[in-house]
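See structure below.
Note that the chains take the letters A, B, C and D in the order they are written out, and that residue 1 is the start of every chain.
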């Protein structure tokens, strides 16, 4: 209901975006110069998972579809890299990205075609079921996937070897890889921002708000949902591609349902009714998880409890709550 | 021929368990319009509690007789029902007026919590109650050896289906349950305390899931992850049969069990995929399932 | 019997009832007339608790019911037959009727005023037509039959007050007479009735008193004759 | 030539005939009102014409072509638009976006995901024109969910109108609307009809409005047509008076 108060929105969203995004991007770019390589590594993980969150939220926040199976696309991206590294001996990060995107596009196109015939819970469980199929395949076809041991992925070459980090060891790799991720992250944010502010994005939001009326505007609802699903899957797949070289290993765990749950969680944590929600959620989540896992073995309970509490008392997430707070402290001038 | 008979019995055994889970899921959906994502975990909880109780009973000495062990099963199911009776008013009730996403998210949070609680309490090791199976004889069916316990489970499945049908269609509470599911507002305007019906319906649904877990655990160990597998399978069942329909849950459970048995026989690597394929085809052809309405 | 005082009710963001006050005396038939969207159904649902009121008071037989849940109000003796009848489609007529009877049994006994004596007679004396329908499912009733069952079902609660929303709407002219008679019969049993009605002629034929409503406010209160003679009321009702 | 025509159109719900063998004709450029008591079948008829429901028997012809089997999408593209009895908006989009989206859809631009919606000057200008027509231009930046009831009704009609349909069905456009907004809605609709850009079919209960604005009035009762004629004819029709107003109403 907070969203319905009818506060006027600023005239030029482009300007507002630049005003917020540029300082933050500069800040992010400076991080490796003052943070140690472990914190840089965590932030890189955070940015990667934020890309997955952005993709996920195109479905949840903008299209009104709650997927419990986004691990499938993340895993597809990750395994695509692992197969290329192991079976084809490819080392180029750019080749990983291209093939990873293609493969996750194919998988999400097929899965999406099945899932968008349904909405609400049917959609949710279908996505869950399909991701479980991939998970069980990854476990059982061990001669291809390495089973529960997973597949190792060596450090790739960046920009066709133009960025060399050999000799610099792990810290050097991290700082280069961090910038690599940051650039892609910025591109992803800009592209997603464009998508949600495009006529297509508005159509998705219309479908979310009122499916029947959208159909009576002549919008082909199912097709729009399918394209949204595809984009969402590709984003999450890219996150998987970027994640593997950092982790050095991919296991079926990233295809398993709790991983989908983490994507759901971080989006809700940040706030799924905001564009920036999943970004903030992804970064906060990564740090939260790292420190929580270090202190307790029962990370999932914490996740579940926080999720329930979020839904019951803070349904707009961190960004939503901040926006409300700011709105209360500095009421916007009506223009 | 003999193999076929055994396979049919195996399918029926499996159908009994699946029916219990799916019928609970369907009942809760039919009455309160909520799909409980933690339903599979409640089934797992029933399995763990029952296995644990039986384990304690045996550890407590007394050459345990099978009959005595059978009495522990409903206790496992009742404990799960109790959990349900706590969950509904505290976690779900505040959400009936909110968007559906939130209901799904809360039951999903519950799923995460329950899975870890079970890991916390019982650790990562499988927990069995196979003494119950051992206490019953092995029977000969067309020359093949077959555990009598499985026949008992098939019997329980049949009785549960009949009992649930009688409960919903032949009792006063069943009338109120159906009235609530058809028109909650009108039911309350006629003097029905819908809140109480909700708690009871949810608890009964949980009881069914818990009972499913309780009867499966003597022949299959309770393990982590069984809950989500069960949730997804139960969902396949209700998708095939139609969400909210008791008949659908029964027919769906039978179809899924037979397909799964055949799948294990012929495509052992991808039996799950075969099941989802079936569900997918049914959804493409008949989006509301075989007996679904809305 | 029933007094409602300065009630404000919202449906979502819309302020539907704006300071509505009215009362129904013992054994009285009161009509609430107004066009579609005037707030009649909202008034009914505010009285029986299906909609929460934002402010104001609702008293029934001397007891303040403003914050009571709907089911408790029903058990206190407020019967309700909504506009679309809302017969449970997959229940038989007999299940539809018995449900409210079972639910009210204890409450009626607790009231101890002997109202329980012949619920069945009362139920069927208003509409004997319902008796042969007992085994039919709600789904398979015609519009008129549904309305009859809805009234019989409300009678099964042994109410002190009946709320009938659009009791005569969608009925063939011949059947309308049948329903008017039913209202008289119910009144003679000592039960008060509040009818929401958009047709002034039907309202005038059965009402002892009449309230006219427009845009969520009571704009007129008086006898049916006064209403028919009041040019403003007539114009508002016709639109 | 009739713009839209139904031939023996019938829709049953169980054994209840909601629309019973209706032959309905709408002529190019007219303002037609569909009246009748609740449950007479008006909304069902509109639902059948807009493909919200499918008929049991009978045909729907639009510009002489049989569109009985056409989907919602095909009918919208052919030029049939409608509004809804209960306001049906995109509550979390702005007023401007609600109208713009109709234009994007009409122009086939809704698929475009590489431009900014607000950057399309043509669409924006047209959307502002439509909003201006309905007196909503000052509210363009508000979220639709935050509008008052009367404004929501207006926007609902504006969105359907922005599709630039050949025929526009309006289901109770003035219910729950204040007198001022009521007049504005009806004046706007009748103005665009008079300008010859659209044919309007309006379901309406308010007989003053019906008599004031309609070129022709069709009265429905129990799923069938009771009367069909000019306002002057309908006004004096005894049968209609009985059904709509109750028999002996003076005045």
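Operating definition for what follows: contacts are C-beta pairs under 8 Å (C-beta built on N, C-alpha and C of every residue); 3 or more make two chains touch, one makes a residue touch a chain.
All values reported here derive from a predicted model rather than from experimental measurement.
Common neighbours of subunit A and subunit C (chains touching each): B, D. One inter-chain figure worth recording: subunit A and subunit D are separated by 43 Å, centre to centre, where each centre is the mean of the chain's CA atoms. Work out the mean CA point of subunit B and of subunit D, and you get 49 Å between them.
Separation between the centroids of subunit A and subunit B, computed from CA atoms only, is 34 Å. Residue numbers of subunit B whose C-beta contacts span two or more other chains: none are found. Counting only residues that touch two or more partner chains, subunit D has none. Residue positions of subunit A with contacts to 2 or more other chains are 4.
Taken as a contact graph, the chains are arranged in a single closed ring, with each chain touching exactly two others. Under the touch rule stated earlier, the contacting chain pairs are A-B, A-D, B-C, C-D.
For subunit C in complex with subunit D, the touching residues are 14, 35-37, 139-140, 142-143, 166, 169-170, 199-202, 215, 228, 234-235, 238-239. Across the interface of their complex, subunit B is touched by residues 48-50, 69-71, 74-75, 80, 82, 86, 88-91, 95-96, 98-100, 102-104, 107, 153-154, 157 of subunit C. Contacts from subunit B toward subunit A in the complex involve residues 35, 37, 91, 94-95, 98, 100-102, 104-106, 108-117, 119-120, 228-229, 231-232, 235-236, 239, 243, 269-270, 272-273, 276, 279-280, 283-284, 287. Partner subunit C is touched in their complex by these residues of subunit D: 14-16, 37-39, 149, 175-176, 178, 205-209, 245-251.
Of all the residues in subunit A, the ones that touch subunit D in their complex are 3-6, 8-9, 11, 13-14, 194-195, 197-203, 205-206, 208-210, 212-220, 224, 227.
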